[in-house]
Amino acid sequence: MILPRRLRLAIFLLTRSFASMLGIVLVTVILGLALLGPVIVPYPDHVAGGIDLANKLQSPSAAHWFGTDEVGHDILTRVIIGARLSLLVGIGITLAAAAIGVPLGILAGLVGGPVREAIMRLTDLFLSVPGLVLAIALVAALGPGIVNAMIALILVWWPGYVRLADSKALSIRAEPYIEAARVAGAPTFRILWRHVLPNSLSPLIVKMSMDVGQAILAVASLGFLGLGAKPPTPEWGAMISIARGYLPEWWWYAVYPGAFIYAAVLGFNLLGDGLRDILDPRSHRG
Amino acid sequence: MTALLQATGLAKTYATRRTAFRAASSVAAVAGVDLLLPEGGALGLVGESGCGKSTLARLLLRLVPVSDGRISFEGRDITDLAESALRPLRRRMQLIHQNPSAALDPRLTVAASVAEPLRIHGLDLSRLPELLAEVGLPAEMLHRHPHELSGGQKQRVCIARALALEPRLLVLDEPTSALDVSVQAQVLELLAGLRARRGLSYLFISHNLAVVRQVCDRVAVMYLGRIVEEGASAEVLGAPLHPYTRALLASVPRLGAGGVVARGEPPNPAAPPPGCPFHPRCPMAEERCRAGTAPLLREVARGRRVACHLVGGHLVG
Amino acid sequence: MDRGLTLYLARRIGLAGLMLFGLICLTFVISNVAPSDPAALAAGPDAGRSQIEQARREYGLDKPLPEQFLRYVGDLAQGEFGRSIATGRSVGTDLLRYLPATLELCILAMLIGVLVGVPLGVLSAVLKDGPIDHVTRIFAVSGIAMPPFWFGLLLQLAFATGLGWLPTSGRLSVMTLPPDPITGLMLVDAVLRGQWDVFREGLSYIILPAIVLSFPCLASILRVNRGEMVETLRADYITAARAHGVTPWRMICVHALRNAMLPTLAIIGLRWGWMMSSTVLVETVFDWPGIGLYAVSSAIAGDFKPVMGVTLIVGLNFMIASLIVDLLYGVLDPRLREG
Amino acid sequence: MTALLEIEEYRLAFDSFDGSAAVLDGIDLTIEAGSTLGIVGESGCGKSVLARSLLGLNPSPPARVASGQIRFEGRDLLTLRPAAMRALRGRRIAMIFQDPASYLNPVLSIATQMEDAIRGQDAAAGGAVRARRAARAHAHSLLGSVGLPDPARLLASYPHQLSGGMRQRVLIAMALAGDPTLLVADEPTTALDVTVQAQVLALIAELVRDRGLTLMLISHDLGVIAAACARIVVMYAGTVVEDAPTRALLEHPLHPYAQGLIAAVPDLDRPEITPRGIPGSIPSLLSPPSGCRFHPRCDRATARCAAEKPLLRELLPGRRVACHHATP
Amino acid sequence: ERDGAKKVMVFSGNQAVPVLDPHMRYDWSTRMIQQSVYDGLLKYVGSPPQIVPWLAESYDTSPDGLTYTFHLAANAKFHDGSPVDAEAVRFSFERALKMNAGIAWMLKDFLKPEKIVAVDARTVRFTLEAAFSPFISYVPWWYIVNPALVKANEVDGDLGRKWMTENGAGSGPFKLRRFDGNALIHLDTAPGYWKGWPMGEEKRLGGVIYRIIRESAPRKAALQRREVDIITNITPDDIGQLERLPGVKIENHPGFTTFGIKFNTKEGPTADVNLRKAIAYAFDYDSLITIHNGAATLMTSPFPASMAGHIDVPNIPRKDLAKAREYLSRSAYPNGGIELEYVHVQGLEDPRRIGLALLDSLRALNISVNIVGQPWTTMVSRGSKPDTAPNMTSIYVTPVGTDPDTVAYQYHRESWGLYYGMSHYDNPEVWQMISTARAETDTARRMALYAEIQRRIVDDQPEIFGMVANRLWSMRDYVKGFAFSPVRFTGEVDLYPMWIEG
């Protein structure tokens, strides 16, 4: 009886905010494109590498809504298929980073002492180099490619989760209900699993939602610098990077993939904001 | 009467880390406490905020590391026991927190919260409804979350959770201070009944003297990490010896208002005054109170201990 | 300065040193996992085998890795960042040349971020849930979601190519001589030397990249500031200030903002650190001759010494920024100042 | 004696997702100039909301005034425009709060906060705003008048450097900045230790006496109210259930809730009397019980109590009670 | 732009000039500035490229091809006024050989520093270790530096390397005014240049600015707005747009830079000549032309068309799927089903697109292509060994001289592992012919050998012989004196004869 109330509250909070609604719509659209992409695109062949040089650099038309690129690929097709890649990569990076960072962070916050000191110093080290520069160095070293870009970004992303999980664990550790569990004789692992983790979930979910957006942006950035996906993989950032050479005459080439990056990242960030409103007990006030 | 719980010279010092603008310092939250709780007894611990009541309670339950002194429980020294060795003992000593809202995991239902200790110790879960009934909660509450309960109900759940392991000792850290008087009376009734039925021992912390007098047969008064007076509650609260105890009693608001005895406010425990820690606020302070070490807790009459230079033999007998 | 603060600073600096060392190790490891042969790069495209071998010796690349590492650390200790493999130039000299341009860009962007972000945040919080608030919130999220490189291209398309109001890229036009350096920051130097036309021209070049660079930063500041202001305006002491009859203006701008500025300051510090790395994208788009562009072009060429150098500089900058933020926190928050 | 403040049929609701909570449900009470009135009631019964209503401090939304009047010196506060309300705050009606630690701005010095309050009062009075220096001098004297030693040093300090009692005194001094007529004290001692509580209560009593203030003191501690006020209003779930002189109420409460409340307080001096709790707990204000809001917990409740809301009637001279069954 | 009474021409390209030292390194942008600041003994001009006397008025060759004697112009002087004498020439060649970087590879196997003799102030004699016919074709790239200046700025015996990075010590038509290798280089015309000016003193420029604009869009915009007068690095797709601009003209010339896709002939599937042939016949050569909007010509031999000795090899593969399938069926992979790696230099647009075209073409053979962009260094170090070399690598090669040996030698055993030797071409008979040809002094016999070499190489198909892309510049119509010479690198122009009209 009570869960429905929470659900109703969640729906109320989400629908009340235009921003959250926009976020949900955008994310749903991107998810839909990612799922249905191969079925709905007009020129599936253009993703596998088929080229059509006779039709290169066409302006938007009925046959090619977003125009064509420098080897005659339909830009709409590639942008839609790009959603799939970006989404996979964004979610992959976020999940992997969280899978590394959260256990470490909770361990640090719960155990404290030298273990925490060591973990946090390592985290600080990674956090002190702003991610993009480190990622560039890494990708340049490992060689470009979507997998290497992911590895690099996971490497620069996990410390954020350590920080969050650690601070959450620290604050939860001080909660009387943790003490109550200790009084009841609960071993550390049980406390971690049953109390600390579930109670740190809300901010983690919020962060992960936003991070999917940020990871998409980061991959696109690497792609833009020529360090992302390899051709013929349709990747938004790489498309803009190439399209840049065709500005200003063929402006649509750069505009569409960018608009999709923007929409995707915006969607996930707004969704994160909306989730925060739902999950943050403070917002229940009014 | 055998001692269920005994502490000798128990001390806890907290060190604070240095930051950009603050030097490292240490706070003697508990500074040498001797204490004895007999089997089946109820000892009240009173004192102003920050005097170390909660810290003492957690020390006794081995929830914070001990800086100095010894603790024995059921006649066994538990000061240096490892957490794993302590775990079986935990069944017999339980804690009730001040704020029942914070003491319950917000994600667990009442049933899950109360069942948690049973699960940990691999006990039979079927006693759950019985437990709730014992603390006066209807069975329909089992599937509620804490935020759907009133303060008094939450505190009952906490008590049920503590009782689940059938403890002998219950440490209650201001169990009613977050509750309304009408609810407080309900909880006190419950606690009194439980003690009578189960023969529990209470270490009952409160700053409300009237409540302590209701619940406890003995009272210890704490000031700045030390016990300054201890004895049977009727005696200590009826005829206080230590100037601080007197000040406390005089401050309790009553119709028509009494005289103010204590000046000033509790000093910062990080920089306690020399000599008797109470001397800056004591209306009777003399030269000898201002210097030297803190007066020791002495037995001034049978079962009555006071730490004050000014309380001498003349009161004895 | 009291002893406590000195000790604290010493500890922090020691810690920063340790981190810097960690960073050096990290970059060194990264630069050596690359499968490329730096010596081939050093020797040039048409070089024969003997020349490659000579380059290898010359750059010490024939030495075992631990020795190379020790050498690198030793050089760094003397302020030497090593030589770029691709160009043979000293990385330290190059960094010195490009850093001011990046700093200038970052400083201007940060100014925009703070001067626009903070007031907008306050406005949005005060008019919470009103139309202005909604617009500002979407604007703020946009700042974080907008790919800087794309935004830069759009601005170029609009203001440089389309309207022709502003130049597309670079730092100054071809014929304009930059003022003789005093601070290295061109705009400041132009003012100091009284070269107002250079200043104006420099401004027209820097404004687009600065806007692009400032957008995410502005957005973060706005978000944090708004959030904190909303929280603060709910705080009990604000209720009290109202009850005491403090004027609304003063209540918002002093009583509330002072509190909200603390977390805002933290985000400013953080963003300053990130900004240095965003320059990688912005400088690429606007051909801004700073360390970001330097890093990217070197990375793409497989030339790691410059990348390592830039990484170290960016990391150092980040550490300094967080130290300054911590100290400022102490200044602004009396609770941290003493017991 | 004339009525300084008259509250009539005041209803206020808080709107939220779950519906509208009738937090104040027809409050009726009067404070005579120069008198001391205490308000008691369980947590959540609307005491603070009522106090904040007097200064227009309830955030709206979610707060919504449904009906009623609050007349202060003859003017209805509920219809005042914001500027007029600001002019009243602190100058005619001042307020002190429960937790002194959270009601002082942690990052501003005491001097700044006091100066702003004083200058704010000047601005509200419409006269010349005095210079900071003059404001500081005034702050200095105010601190002295609440019995704080060494005001100069105090002014230079920040809230965290003060003890709880000192903070509450500073807040009291700030409340006095506009030389108000009515002082609303919302649980001013709840966060303090008993010893300090006694000191602060003594200070308030002294100020009321010396300055001829009218006091409205809110607390859930009957002892505190009894020690400081001549008259007590008992509130339950947003309604006034009893209004009586202190001694009369304590000795002979008429409303079953007031009786229960008094019986629940343990008495230090009479430990032999076991306090008795009131069964049940306060109702949700989202769907308050019909009729008398207390009836679900009342052992004397009848069908009438559930159906009909009892009016607050003057049962004895100077004593009003809202109960169908109350008899003198 | 103007500088006082004289005009200044602004040239814009994408490539920085990190090091100016003519003995340290070269690439198109660097050499363009070097060519302006320094003079060589000889100079390449025109199309087809001719070698003309420059600092050397003439030279003699001994019949055995071992001794070359150069006679210097009398009036040549460095920018500081000191004469360009035989000692300066000797010093410069010695410096380049000692530094063993940049251009040194061209001569170092044949020329030892002690064999360079300043016979008198105006005569220098070089004695080679062995006969080396291409010698003269390399000499134009050996610039003469001012020994006094170099020595004055020498630190720790570095031969002035540090100083020369950003300073000029030449006798060329221009001298440095401002050097910021990553942004802008400002050259002033050297007053009273010893060689005089072809357009006359009247019309000559006041100077030249080389401005680096990395992206093509802003570069084009700058040309459109007359901020710059001439730009390079434009894509074939830009031509149409630019041509339509009033007052803008295009220079579009067949170049010298060959594009090929090198197979790894030693390891992996491509070690099989049948597979190589299959791929070569499957490849859609027309796409090379389409990608370049027609501004390219297909190669008909391993040698570029304007190189001496070039022949059209008759059976050079063109797209022919039937033949491709036939070769495939003879290979170890008659049904395809393999994936081949195609590596190109990261960031280069054309090879990436050609990769896409290759990918598209090979789908017909059921062969998939993994297109990988890698930094130059990585690519080169991978290519240095057969077991790490990619299956296919796209390589541009610009011969630095007009002598056929320059290209032929790429197929010699000695070139294995170098970037143009990534195919590790293994045919001892061809190697022998190459060695013979470079020592041969009789031109006719040499050319006959080279014709045979070209045929044999095509037979072995160590690479897909691609195309020679046209070189493109776009300039305002008032820019005059542009003289194309294919022997220069991609964007490089000879600034000396240029001027601005009106």
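Letters A, B, C, D and E mark the chains as written, and numbering starts fresh at 1 in each.
Basically, a residue touches a chain if its C-beta (ideal position, glycine included) is under 8 Å from a C-beta of that chain, and two chains touch if they have at least 3 such contacts.
By chain, UniProt protein names: A, C = Peptide/nickel transport system permease protein; B = Peptide/nickel transport system ATP-binding protein.
A quick note: this is a predicted structure, and the numbers were derived from the prediction, not measured.
Asks: Can you give the shortest number of steps from subunit C to subunit E, where adjacent chains in the path must touch?
Replies: So the least number of steps between the two chains is 1.
Asks: Please name the chain that ends up farthest from subunit B once chain centres are defined by their CA atoms averaged.
Replies: Of all chains, E has its centre farthest from that of subunit B.
Asks: Measuring from the mean C-alpha position of subunit B to the mean C-alpha position of subunit E, what distance in angstrom results?
Replies: 89
Asks: Whole-Å distance, subunit B centre to subunit C centre, using C-alpha means?
Replies: Once rounded, the distance between the two centres reads 54 Å.
Asks: Nearest whole angstrom, what separates the Cα centre of subunit B from the Cα centre of subunit D?
Replies: 32
Asks: For subunit A and subunit E, let me know how many angstrom lie between their CA-based centres, rounded off.
Replies: Averaging C-alpha atoms per chain gives centres 45 Å apart.
Asks: Which subunit D residues touch at least two other chains?
Replies: none
Asks: Which subunit A residues reach two or more other chains?
Replies: Touching at least two other chains: 140, 143, 226, 244, 247-248.
Asks: Applying the document's contact rule, which stretches of subunit D touch subunit C when the two form their complex?
Replies: So the residues of subunit D touching subunit C come out as 52, 55, 57, 59, 86-87, 89-91, 94-95, 97, 99, 102-109, 112-113, 116-117, 119-121, 123-124, 158, 160-161, 171, 174-175, 177-178.
Asks: Please name which positions on subunit E make contact with subunit C in the complex.
Replies: Residues 1, 3, 8, 10, 16, 18-19, 24-27, 100-102, 104-106, 108, 161, 165, 178, 180, 182-184, 209, 211-215, 217-218, 221-222, 225, 227-228, 346-347, 374-382, 384, 400, 414, 417-419.
Asks: Across the complex, what residues on subunit A touch subunit E?
Replies: For this pair, the touching residues of subunit A are 49-51, 53-54, 56-57, 70-71, 140, 143-145, 226, 230-232, 242, 244-250.
Asks: Using the touch rule from the top, collect the residues of subunit E that touch subunit A in their complex.
Replies: 215-217, 221, 235, 237-238, 241, 287, 290-291, 346-347, 349, 352-353, 355-357, 359-360, 363, 369-375, 378
Asks: In the complex formed with subunit B, which residues of subunit A make contact?
Replies: Residue list for subunit A touching subunit B: 2, 175-177, 179-187, 190, 194-195, 198-199.
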